[in-house]
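Each structure below appears as structure tokens.
Same chain, two partners: subunit A is paired with subunit B first, then with subunit C.
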Partner chain A sequence: MRSAFATVLEPLARQRGVLGCLVAGEEDGILVDAFVRDAVDGAALAALAAALHRRARLASGAAGLGGVSFVRLDADGGHLCVLGHNELVLAVFAQSGANVGVIRSTMLRSLEALA
Partner chain B sequence: MTTVAAGWVEEPLRPFVEETNVLFALLLHPSGQVLGQHGFTRAVDVMAACALAAGISASAGALGRELGGASFGELHHAGRDRQIFMADIPTRGDRYVLLAVFDRGSSLGLVQLYFRQFRERLVAAAPVTSTPAPALAADFEGELDRSLAALFGRAPRLDVGGRPPSPST
Partner chain C sequence: MVDEIRRLSEELARDPSSPVYLRLGEALRRRADLEVALKVAERGVQRHAHSPDAHDLLARICVDRGVLERARAAWETVLRLMPGHLGALKGLGYVLFKQGHTADAERMLAEAASRDPADESIATALAMVRGGGNGAAQAMSDARVALTSGGSTSATTSARGAESTAAASAPPGDTPPRTARASSGTPARAIPAVSNGAAVATNGAHRDGTHAPAQGDVAATLRDDDMDEGAAAEMSAQPLAAAEPAPGDARTLFGDIVAGGAHAVVLLDADGLVAAGHYPTMDGRDASQEVGVELSGVRDEAQRAVQLLGLGAWHFVLCETEEAAVALAPAAGGALLVTLSSRDTPLGFVRRLLERCRARANDWLGADE
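For the complex of A and B:
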């Protein structure tokens, strides 16, 4: 059965190099919906991605920089991109060679679909 | 500040409170005996929290068995500013209860995530042998006093069985 967030996640999951994507509550870090491989712990990723976005938002506010529009974390093995909207976060993790620009624009287009 | 009444509790409890940023954490035996705590500054608060947590654990267990045949593994209560997470941890020797209180500095997802690691570490560290204890031990008050004294630096830590060290050690 398709969830209400399938229309948000499916275009992201189809992007080249994307390993998985998910929607989680920013406040509680609880997984709402996800496209992830079996080996990936979606609940753990949801909790950590939501915490990352929340801390980034607080840090940005403390520094007087205003709201956070996009968080990108570059790791040895790839990228984690997080975007928040309406108390939800959309997180995408991708391989090193993935086109983060395309992923970012797809995520921004998905924003309005996040309730 | 994290303090423990039983030495084997420290290795699992310390990373849990560091990673989750919880305000308070309490590990107790279902009888109400405290094994470790974080965030409390007064023994009387630990005593009250242990008694209440043991009561909630017993009530939730009874309710779960009444409704579905099994006790609830985890409980979560969200307040306006603070939230409570409580979970049972069965080990090879005994069963323990973790109570954690957190605010917006943490989240339920993080607490659940690091609780899973905490549970694995605690199960690995917990003493295997267990002596079935009565619901209220004969020396309950004495045991409680010793646990609180160990937690707040007035007595040596308890050994793996929750007993004070013998005079020869």
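For the complex of A and C:
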């Protein structure tokens, strides 16, 4: 059965280099919906992406920098991009070499669908 | 009470940078108008990010709303800004206990007790935590007001304890000089002062082109999201040279890289202390330590994520916030590099800036060792 977030996740999952994309609760890191490759642990990815976004949001607020609109973690093994809206986070995990600019644009276009 | 709130609200509307938000937020909290109180406190934290009182107010409101995790984060910030802050120690003692971290709660309350042995509310709470058992949770809930709000409704709170806790929520005029100085004067927006023009473009005029209301209620004040044009012009005209460090100062390590741009760079050592760079605020203060410490928490989360996902080493974290593009990267010897750029800086440029600063930092740290 297609979830309400399928229209958000499908365009992201089609992007080159994307290994997984998901929607999770920001507060508890619980997975809501996901498209992930077999090798990717969706539940763990959801928890870590939510924690990263929550920490960035709280730190930004405490530092007087306002809310956080987008967070990107870049590492040897790939990229983790997260944005939050309405107590949910949308996260994309992509391998190194993926076009992060395109992924970011697609994620930002999906923002309203997280309402 | 309503008249007082109206008066404070009008005062805040006339001068959005005024520390009167502390009294307004507290008055709204006591009236259980928690949603509006929260907005007042959040606005206060945004404008006075380095004021322990601002974060303390936010924490107390969050506790009243039952949002313990956020209250905890706010009180942890208070302790970073002002180690030994009694209200934060007591509040964290309560929150940690409620979250099941009994040992940490005991440690907080013990430190609070050592700082104010005469406060019976602390001693009572400490005894409850150490005593444990089924009754402890209920007893701590009963003690919540005494520990987290500065009130004196708990039966166990002595007159001395009430005075002590009331001091934690005293009006701004009664706060210690350090806080009063941090909260007064020109708004200290956490935007690199070198980005003066960009900051005005971002924060100066109202989005709808209106001015701040001369009078109005709390809601009107809250809708006044930005400073008025006069304040923006005043800020843009402010001399900033006084905040510029002298050549040769470690704060100028990245000066030539960021020269002429809307950026600030801070290098934190492995202990979280500022090693180089600086972050001048609009009022000319150097907020490197406060901002750096807040943002360094993101590093811990990044490290955890790459470890658990098996991603190897992390290269950088880029956060787009309402006010700035913030980038963090590890540097030699466990140091952390933080760059802050105005919101309209292209993200690719932010990354290049980060790499250049990291190379500079690593050279400097290598030479320094």
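Of note:
The criterion applied here is as follows: the second predicted complex is superposed on the first by the 115 of 115 C-alpha atoms of A that agree within 3 Å, B and C clash if a C-alpha of one lies under 4 Å from a C-alpha of the other, contacts with A are read in each partner's own complex, and residues count from 1 in each chain.
The criterion applied here is as follows: a residue touches a chain if its C-beta (ideal position, glycine included) is under 8 Å from a C-beta of that chain, and two chains touch if they have at least 3 such contacts.
From a predicted model like this one, the values you see are computed outputs, not experimental measurements.
Annotation for subunit A, partner touching more residues between subunit B and subunit C: C.
In the superposition on chain A, contact is made by A:S69 with subunit C only, not with subunit B.
When the shared chain is aligned, subunit B comes close enough to touch A:A46, but subunit C does not. Of the two partner chains, subunit B is the only one that A:A24 touches; subunit C does not reach it. Once both structures are placed on chain A, subunit A residues 27, 44, 48, 51 are touched by subunit B and, in the other complex, by subunit C. Partner subunit C is touched in their complex by these residues of subunit A: 27, 44-45, 48-49, 51-52, 55-56, 58-78, 80, 93.
For subunit B in complex with subunit A, the residues that touch the partner chain are 104, 107-110, 112-113. Across the interface of their complex, subunit A is touched by residues 42, 45-50, 55, 69-70, 73-74, 77, 189-190, 290-291, 294-295, 297-298, 300-302, 304-306, 308-324, 326, 340 of subunit C. Interface of subunit A with subunit B (complex): residues 24-25, 27-31, 43-44, 46-48, 50-51, 54.
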